[in-house]
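Two complexes, one shared chain (chain A), two partners (chain B, chain C).
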Partner chain A sequence: MFDFLDGYDVLGAFWMTVKLTALSALGSLVWGTLLAAMRVSPVPLMRGFGTAYVNIVRNIPLTVIIVFTSLGLADIFGVTMGASDDFPLQGFRLAVLGLTAYTAAFVCEALRSGINTVPPGQAEAARAIGLSFSQVLGLVVLPQAFRSVIGPLANVLIALTKNTTVAAAIGVAEAASLMKTMIENEAQLLLIGAVFAFGFVVLTLPTGLALGWLSKRLAVKR
Partner chain B sequence: MKLRKVTAATAAALVLALTATACGGDDDKGDTGSGGGDKIKVGIKFDQPGIGLKEPDGSFSGFDVDVATYVAKQLGYEPDKIEWVETKSADRETALARGDVKFIAASYSINDKRKAKVDFAGPYLLAHQDLLVKADSNIAKGTDLNGKNLCSVTGSTSAQNIKDTIAPKANLRENSGYSECIAALQSGAVDAVTTDDSILAGFAAQDKYEGQFKLAGLKLSNENYGIGVKKGDTATVNKINTALEKMVSDGAWDTAVKDNFGPAGYKNEPAPKIGDIVS
Partner chain C sequence: MTSVLYDTPGPRAKQRNVVLTIVFFVLLALFLWWIWRTMDDKGQLKWALWEPFTTSQAWTTYLLPGLANTMKAAALSMVIALPLGALLGIARLSDHRWVRVPTGAVVEFFRSIPVLLLMLFAAAFYVSSTDISSESRPLYAVVTGLVLYNASVLAEIVRAGILSLPKGQTEAALAVGLRKGQTMTNVLLPQAVTVMLPAIVSQLVVIVKDTALGGVMLNFTELLNARSTLAANYANVIPSFIVVAAIFIVINFLITTFASWLEGKLRRGKKSTGVVLGAAAVGGTEAAGAGGSI
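For the complex of A and B:
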């Protein structure tokens, strides 16, 4: 029944999905944290930039962003992420760039909601003992904020895992791209679709369970 | 204040529900119309100029559309009785098996694995995998592609063919659609676009690209376009085959080829004989 799987590197395609997810998750965590810091900072210009970025980027369809990285950034502006002669590598790096830019907006908003759970008295007390803004944020507020948003961040991570399928649009050889190839060759839409759907459940279900458990353990009891 | 909000929300919900039902009503009427047996549903591509394209004004054009219109007429359906349904490559087998469409003319190459799922009438066109290049390009044979930048569609057989046999050292980029590839060719990011010559000719014949591109004229593969019919529906297959033979003999086939591929300098093969599959 599953002989149509012969000759296709299904595991390799899912490994590409994992790599895309991991790198984009890391990138969007860093960039999203910076954005969140901007959005709560006392400097109006930074607050404005953070707000504008989040509201623009999260409202553009991901497909548009990913295709833009290829047709716009790479073809027209020549931004090839150091891989101008190697389209698969270029596609991979551009996809990580696009996914990071998009997901960071959601990480930022999740984190900002976490910052709002920290009682304002703590920030005031930290300022009162002479800490600077970055010290207040880095030493007092963010550590508590992160612990309260592990659950929401898990949602963002799971959404990111599934969003990596959009990278097939610019030729990254991840799971959805192999699925297209197999359906084209084998004419077995339902079975092949089911195999890949199962693959994504295998990837995301443990993530959700592990991070759900972690969020219960690490939550700050107030 | 709160009460007013609730009232407003209820009113909004009601309006939405009413409009939704109104739409439903319209759809129902349309369904009874086509269910009455006087309409035929035909599957085509909506996004391939020259083959099957939905125009901005809602009309349809292309070689597959012309063939399907002719065949439907021979089956007893005037052009205004045809309901066009978009069948993307991945949906074609399912659409036939479920009976969503009576037949499919959508650059559908006949091959063994597909023949296990659906029946084919035809073939009605012999296409070849080819390259579309800039008008001043000097790419002349398949091996010229090694080291060159090439674009095709994610997962397409053309892309696999280049990677596996023709030019393994070509720098292949896969995009989600041919329009993206053509855009990359126009901007110079790639040196060639590859897929069936009929599809390429359709793109190159578009007004906005006229004179910019040419077909390299390589015959990298044989693609026998057939008309897909539900598995086991031999009666329809026979009727369509008769219609296709008539289309070739009365010259309508040649006219359709000229109309749709002409401006791109496409050299078509003579009309294939029914059941004669070139491998």
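For the complex of A and C:
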């Protein structure tokens, strides 16, 4: 029944999806945290940059960003991410770059809302007992902020997992691109659809359940 | 300025802020300078490449038809997904287990797989099983994918909207003798719709953005697809990307602004119960589910 799978590297395609997700998640966590730090910083120029970045990037379709990394960044600006003659690798790295740039805007917003959930009185109290800025941030505000944004960040991660399919637009051999090829060559449409849908359910559902459980467990009860 | 993170700056903090501003400004300026110089080197700043956008031809031939298709697909998806989503959302709240559980499974399923997969599947399905003409097939496929996904997201919004209403509403309705169906249609749903209107409007942004998938993967002639035809004609890759991105930003910014205006208006309104599902509710109404529609 499943002999239509012969000759196709389905697991390899999903492994590519997982790699895209993991690297972009890491990248957007770092870049998103930096953006969030800028948005809450006392420097108006940084705040302005953070706000502009988030509002611009959130409103551009991810597809436009990914296609731009290939046709604009690589072809015109010469940004080949250190893989100028290895096209599959270049496509992969560009996709990670695009996904990171896009997802970071959502990570930033999630983190910022997390910082806002901490009552100002706590920081005031921390300052009153003589803690320095970094102590206030590191010991009082951020631990609470991070615990309250696990739920929203889990949603961003799940959305990112699904969004990695857009990388197919620039020829990265991940799940959606393999599904397209298989649909064109095989007659088993329903079964192919079911296999790939199942793959994504397997990837996203446990993530959602595990992080949802974690966020309920770790949330600061107020 | 009251913030969790910092106090009103004293002399030293003010000095530090000035230094930070200067350092950040220099970094930003260097980055922008690099962009400008590279574009100049590659000839992407030449007026000839930007000029098409000042003539009507580029707009009437490429951009406006593309934009019209984008809007058409988005509007169609919204109009179909909304009643379907409402139905699914209500069914998920049903007292009957045999309605509630299958609906829940359907909603969770379509929420957890990527829209692109749904679109690709729909496109192939229309080729193999229907006789829809090949030129309208991409639109059908895009709308099908968007409807299946967004109906299940909207179902969660509707469910959250109904659950956000005070319990007394249902109790009072049942007490005056309304049946369950009447309670839903006459009491709960009208209020829930007001509560979740901002969330529904901001879901439109997601739909508008997702139409671009059809342009690259299904050859649907929406805005992003129109861009590549335009760039092939005028050889203006970067300018065309900038213009198309700007159009998307303006449209989505208007939708977002409208949604938050609506949210503020509803919050201030006297008739509402005070709860409003804002734009943030779209992200994930249930932490456990495979939410996240960005």
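The working rule: the second predicted complex is superposed on the first by the 205 of 222 C-alpha atoms of A that agree within 3 Å, B and C clash if a C-alpha of one lies under 4 Å from a C-alpha of the other, contacts with A are read in each partner's own complex, and residues count from 1 in each chain.
Everything below uses one rule, namely that a contact is a pair of C-beta atoms (placed from the backbone, for glycine too) under 8 Å apart; a residue touches a chain by one contact, two chains touch by 3 or more.
Everything numeric here is computed off the predicted structure, so don't read it as measured data.
Asker: Can A:168 be said to touch chain B (first), chain C (second), both, or neither?
Answerer: A:168: touches chain B and chain C.
Asker: According to the contact criterion defined above, which of chain B and chain C contacts more residues of chain A?
Answerer: The partner with more contacted residues on chain A is C.
Asker: Using the superposition on chain A described above, determine whether A:141 touches chain B (first), chain C (second), both, or neither.
Answerer: In the superposition, A:141 contacts chain C only.
Asker: If you stack the two complexes on chain A, which partner ends up touching A:86: first (chain B), second (chain C), both, or neither?
Answerer: Once the two structures are laid over each other on A, A:86 reaches chain B alone.
Asker: Based on the superposed arrangement, let me know which partner A:9 touches: chain B (first), chain C (second), both, or neither?
Answerer: neither
Asker: Who does A:185 touch here: chain B (first), chain C (second), both, or neither?
Answerer: first
Asker: Is A:106 touching anything from chain B or chain C once the two structures are fitted on A? First, second, both or neither.
Answerer: Touch status of A:106: second partner only.
Asker: Touching A:42, do we find chain B (first), chain C (second), both, or neither?
Answerer: It touches chain C, and chain B stays clear.
Asker: Examine A:201 and indicate which partner it touches, taking first as chain B and second as chain C; both and neither are also allowed.
Answerer: Touch status of A:201: second partner only.
Asker: For chain A, what residues appear in both contact lists, the one with chain B and the one with chain C?
Answerer: 67, 71, 75-76, 168-169, 179-180, 183-184, 189
Asker: Touching residues of chain B toward chain A in the complex: what are they?
Answerer: Listed in rising order, the residues of chain B that touch chain A are 89-91, 93-94, 113-114, 116-117, 149, 154-157, 160, 171-176, 180, 183-184, 187, 189.
Asker: Using the touch definition up top, name the residues of chain A that touch chain C in the complex.
Answerer: These residues of chain A touch chain C: 40-46, 49, 55-56, 58-64, 67-68, 71-72, 75-78, 103, 106, 113, 115-116, 118-120, 122-123, 127, 133, 136-137, 141, 151-152, 154-160, 162-163, 165-166, 168-169, 175-176, 179-180, 183-184, 189, 193, 196-197, 200-201, 204-205, 207-209, 211-213, 215-216.
Asker: For the complex, which residues does chain C have touching chain A?
Answerer: Per the touch definition, chain C meets chain A at residues 1-7, 9, 13, 17, 20-21, 24-25, 28, 35, 38-39, 42, 44, 108-109, 112-117, 120-121, 124-125, 128, 205, 208-213, 215-217, 224, 237-238, 241, 244-245, 248-249, 252-253, 256, 280, 283-284, 286-294.
Asker: Over in the complex, which chain A residues touch chain B? Could you list them?
Answerer: 67, 70-71, 74-76, 85-87, 90-91, 168-171, 177-190
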